[in-house]
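Chain naming follows the written order as A, B, C and D, and within any one chain the residues start at number 1.
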Amino acid sequence: MLRIAVLGVGRIGRMHAENIVAHPRATLAGIFDVYEPSAKEIAEKLDVMRFESTEAVFASPEVDAVLIATSTPTHADLLEKAVAARKPALCEKPIDLSLDRVNACATKIAGSGVPIMLGFVRRFDSGHRAVREAVENGTIGELHQVVITSRDPGMAPAAYIEMSGGIFRDMTIHDFDMARFILGEEISQVSATGSRLVDRALMEKCGDYDTVTVVLKTASGKQCMISNSRRAVYGYDQRVEAFGSAGMAISENRTLNHLRLYTESGTDHAAPLMNFFIDRYADAFAAEISAFVDAVEQGKAPEVGFEDGRQALLLAEAAIRSAAEGRTVNTSEIG
Amino acid sequence: MLRIAVLGVGRIGRMHAENIVAHPRATLAGIFDVYEPSAKEIAEKLDVMRFESTEAVFASPEVDAVLIATSTPTHADLLEKAVAARKPALCEKPIDLSLDRVNACATKIAGSGVPIMLGFVRRFDSGHRAVREAVENGTIGELHQVVITSRDPGMAPAAYIEMSGGIFRDMTIHDFDMARFILGEEISQVSATGSRLVDRALMEKCGDYDTVTVVLKTASGKQCMISNSRRAVYGYDQRVEAFGSAGMAISENRTLNHLRLYTESGTDHAAPLMNFFIDRYADAFAAEISAFVDAVEQGKAPEVGFEDGRQALLLAEAAIRSAAEGRTVNTSEIG
Amino acid sequence: MLRIAVLGVGRIGRMHAENIVAHPRATLAGIFDVYEPSAKEIAEKLDVMRFESTEAVFASPEVDAVLIATSTPTHADLLEKAVAARKPALCEKPIDLSLDRVNACATKIAGSGVPIMLGFVRRFDSGHRAVREAVENGTIGELHQVVITSRDPGMAPAAYIEMSGGIFRDMTIHDFDMARFILGEEISQVSATGSRLVDRALMEKCGDYDTVTVVLKTASGKQCMISNSRRAVYGYDQRVEAFGSAGMAISENRTLNHLRLYTESGTDHAAPLMNFFIDRYADAFAAEISAFVDAVEQGKAPEVGFEDGRQALLLAEAAIRSAAEGRTVNTSEIG
Amino acid sequence: MLRIAVLGVGRIGRMHAENIVAHPRATLAGIFDVYEPSAKEIAEKLDVMRFESTEAVFASPEVDAVLIATSTPTHADLLEKAVAARKPALCEKPIDLSLDRVNACATKIAGSGVPIMLGFVRRFDSGHRAVREAVENGTIGELHQVVITSRDPGMAPAAYIEMSGGIFRDMTIHDFDMARFILGEEISQVSATGSRLVDRALMEKCGDYDTVTVVLKTASGKQCMISNSRRAVYGYDQRVEAFGSAGMAISENRTLNHLRLYTESGTDHAAPLMNFFIDRYADAFAAEISAFVDAVEQGKAPEVGFEDGRQALLLAEAAIRSAAEGRTVNTSEIG
């Protein structure tokens, strides 16, 4: 049993803590949160130890590994501390909003051999994985185009948006990782455009976009289109399409139930899409914990690591520059 | 070019006449209708000869074959005349509402060698045919169960219902033929039940049902369920499912267009189903004419002949008895 | 926290035990199984008490309620003991294969006020429930027809089949309950037919069928068709269709993932259906525990009780008689 | 009855000629083709007059209007002649591969008042039109993003590709028009990228691409993504998705029939997509003729006119420049 401590028990950290409790090969070694009332509540509810500080966590011989679900600005520091303490870590994305900070962190932890896994949970979705497998197995032949549709069910609160680092670093970053996952080769060119269509006032205030389109290209010419919106009223729209020389594989959306309705106004009417990521990717979050446990127990590199987090951020930087300058940006121009 | 005269130019006859005009290997030799204004209008519109009587049609050397789309009580007489005149005939279903009359007709035309084809148009639907092919090719292995859903989009006018011979002879008869088509072997047992749920008053007046369920069984144990309703508000519901030892084949419904709508109230919302048979089976009606032309030109037996019409009526009689007596009726008990 | 002991930890009992462990308002009070090695393994794995006998369970003040997942012949006895001990019970179906035994049990426990819930898990499936709600809310108007397709992914072992009481009591019983759930009124007539198409030799040996069709009718004329097969190679086929005066609601099947494949040989190809009930109805089993906890905690009658189990068995008896005698059987003729 | 002559009876011209024959308010006034054997064959088959020259067509008082389906380099000349002869014309796309030639033609025919319609047939597809209506009616709120997937079922012959003017002018041009149709406002920015993945050797020889992605943006920020490939092995992939503030509308693909297959290897397997445009857009081609007849008879501007053809070509030019220079091109830079 891998004893994992969870750092940060906001909405995501709490979900992870429950998944660890339910996991057959992991136990929850304890939790920490800077906001004490929250930490106390969760520790009591899950009947686990509450650590007083992250230092206490890293010092504890009862903790084999950590799951970092604190606020973004603390991720890089905690990763460095985890490596120093030789505790394998599963860290929520992004590593940091600053590519410089990420690069500095990379330098610091390089060669440590301590397993670091990045929380790009969508890689563990059974549908998206099946698309990746269809590419790897040659089921769809040589890959030519990837189309990723990724739209949130509703705009996040203004306070969140303002701190998010912008849509490319906050939201598209998942799609950049998905693109890399499906494409299976590094991306050389990025072309992005953004609009303010959902909440113009907020976007202008933040210098951000709520609706973006990104086109990626690999050196061999494979293309990937990403379509993002901060608000899809019909639910959390999460589709991945891979098109190749021998066919196409699509990971479809998931509706709230499996009912279909037929009335005078139409047929085959399904429920809205699942809303939001904690529900839509519930299975994937559980699978992610399993993958982390496997990597640590078997001493192998996690399926999605630090460098994947860095590459996704790098693509975000390229997209920001592309949208600002109205040109295709080569990834070699960035960091 | 096969020169075909159309007898009866009501809604169906007119549609057939237009299909003959459009057919590359057939021409419309003329039309006849007892209601002269209607005949005149169609003859003028399609720029073809109007015959003064059916006798004139059968006597004409310019007529190679006839399509009988007159009212049901005239079908058997016209078939007998067609055979006497040695004109191949494509006759709308049913041959007659009376099994005795059908049997008498059968005796009269037996051995003539004149091709008689019955208008069970659904056999020519590409989806339903693909189900039949999946059965014949062994794609779904040995056939075990057939499920036919067949619901009209709205109740026919009371005057029509009163003259229809009842739902089993008028509506289910298409499904009896479809069952025989898909099952590929004769039916030995019939079990039927009827209800009055759509228009109770009218049904009580006519001693008829508007909602029926029929279960058929072959000697080898293959089962077929038929579900009928006189009114499906979402359109003309026409599905055929064949289940076997190696899989299942389903012929799906057709919607008015290929739009899918996603809104706050739901996803994947399609248009209502096509309404009604002239639209839904437009391709099948055209293919039916082709099959008739092929049979006549190549001197082979039509794919669906007089005996198929008789067998379908026999199943209707068995269903009527089964529903009345609350028991499974062996088809050997009937005519 | 409701403290529930699980009696019988075979495949289903074990799954229930795990669901109780994971339930936020229930705890696993312990387990019992006549087969000691199995009991020891599970007790150790789940870290709970192992009871030496059912008597010990019923006597324990640490046990608030029981879940009966032992072999069928023990169900009625255990229910009687549970009632005597005033322990609410959630009992797997069927109560017993003998209607007489069920009736005797009913007499014995009548008026006790101890909540007894029957494990008709499909009532708790979100899709099937949504169909029921569409009926109750009037979304599809007045209900006219119900079509239940229920096919197992593969034949159970011969030893199981031989002890099962026959397909109507063992398999269709779930569909009888679903029919009652969706119809919302009692069934007055049953018409059934069976065939031996999947494994003729085994079926002949057991005097059983592997492929059956059942038609039910209520006093008001509502119709329900049930289609069963012991083996659907494409997976566990579980569909419920309700057709009414204002529309139709369908609870669709669930595939293993959400991939769709497009190749030269075809399009929109999905994975096989989930296989088998423990996976397909995983959510429903969890919801069933919640419903039991709710009923006990709130002192209200469980949503699906002893009488529902008795009625389903009564319909099975009627179906057996109908299939044997080739006639529609009135439920008033039975029990 | 509008008497229409067809110029050019290759594959498309012939299909148009047959549609005119079948049209209730149009007649085929005759045909012309520079290749005499072909012209003779069609004239005989359709039993219509064969003109000896285009001059003869334009001079004939028996010709009310013309349909131009000759080779691309002749389109502009014939349009000018048609206008000079005051014969309304329906002209296949593109007007010309050279924007200069198109602009010159525009100048020449300006203010003539002779109706000119461009053959952007996809505008008349019932599914795509339903998407446009969902945008216009406000069903999906304010439009934010459009996604057009448009993949041919197979590479055209090398000789065709070499003369085609390149993928943007030959294939994407349909999608540029569709984008304008759905967006409902002019496009200000174009960003395109192309790859050689299907037939690298041929593409290198022609300086062309076989796989392209284009992103369009309007002044108000609406975005449109176009995904093209010269070869989709599963058939002719033609989807249009419109996403807005209140929902999404998708025009789905069409399969060869309505069969769904379920076997051990998977479920819900549909036939390949229709192949190719003459089948897929058969209804649209017929509706296009109707729209032309309507426009001429009612003396109103055709729904899709010369300027639409010019704008689509202008977008193709912008895409070519964008792909070559790796930057977003403003449409104001072109023509």
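In the analysis below, a residue touches a chain if its C-beta (ideal position, glycine included) is under 8 Å from a C-beta of that chain, and two chains touch if they have at least 3 such contacts.
Worth saying up front: this structure is predicted, and the values here are computed from it rather than measured.
Among the remaining chains, D is positioned farthest from subunit C, on the basis of C-alpha centroids. If you compare A-C with A-D, the chain pair joined by more contacting C-beta pairs is A-D.
Per-chain Cα centroids separate subunit A from subunit D by 41 Å. Centroids built from CA atoms put subunit B at 57 Å from subunit A.
Counting partner chains per residue, subunit D shows two or more touched chains at residues 232-234, 246-248, 253, 261-264, 271. Those residues of subunit C that touch subunit A in the shared complex are 22, 126-127, 130-131, 134, 139-140, 246-254, 256-264, 271.
Against subunit D, in their complex, subunit A makes its touches with residues 141-142, 144-145, 147, 149, 151, 189, 191, 193, 195-198, 211-213, 215, 217, 221-223, 225, 227, 229, 231-234, 237, 243, 245-248, 326-328. Contact residues on subunit D toward subunit C in their complex (touch as defined above): 232-235, 253, 255, 261-273.
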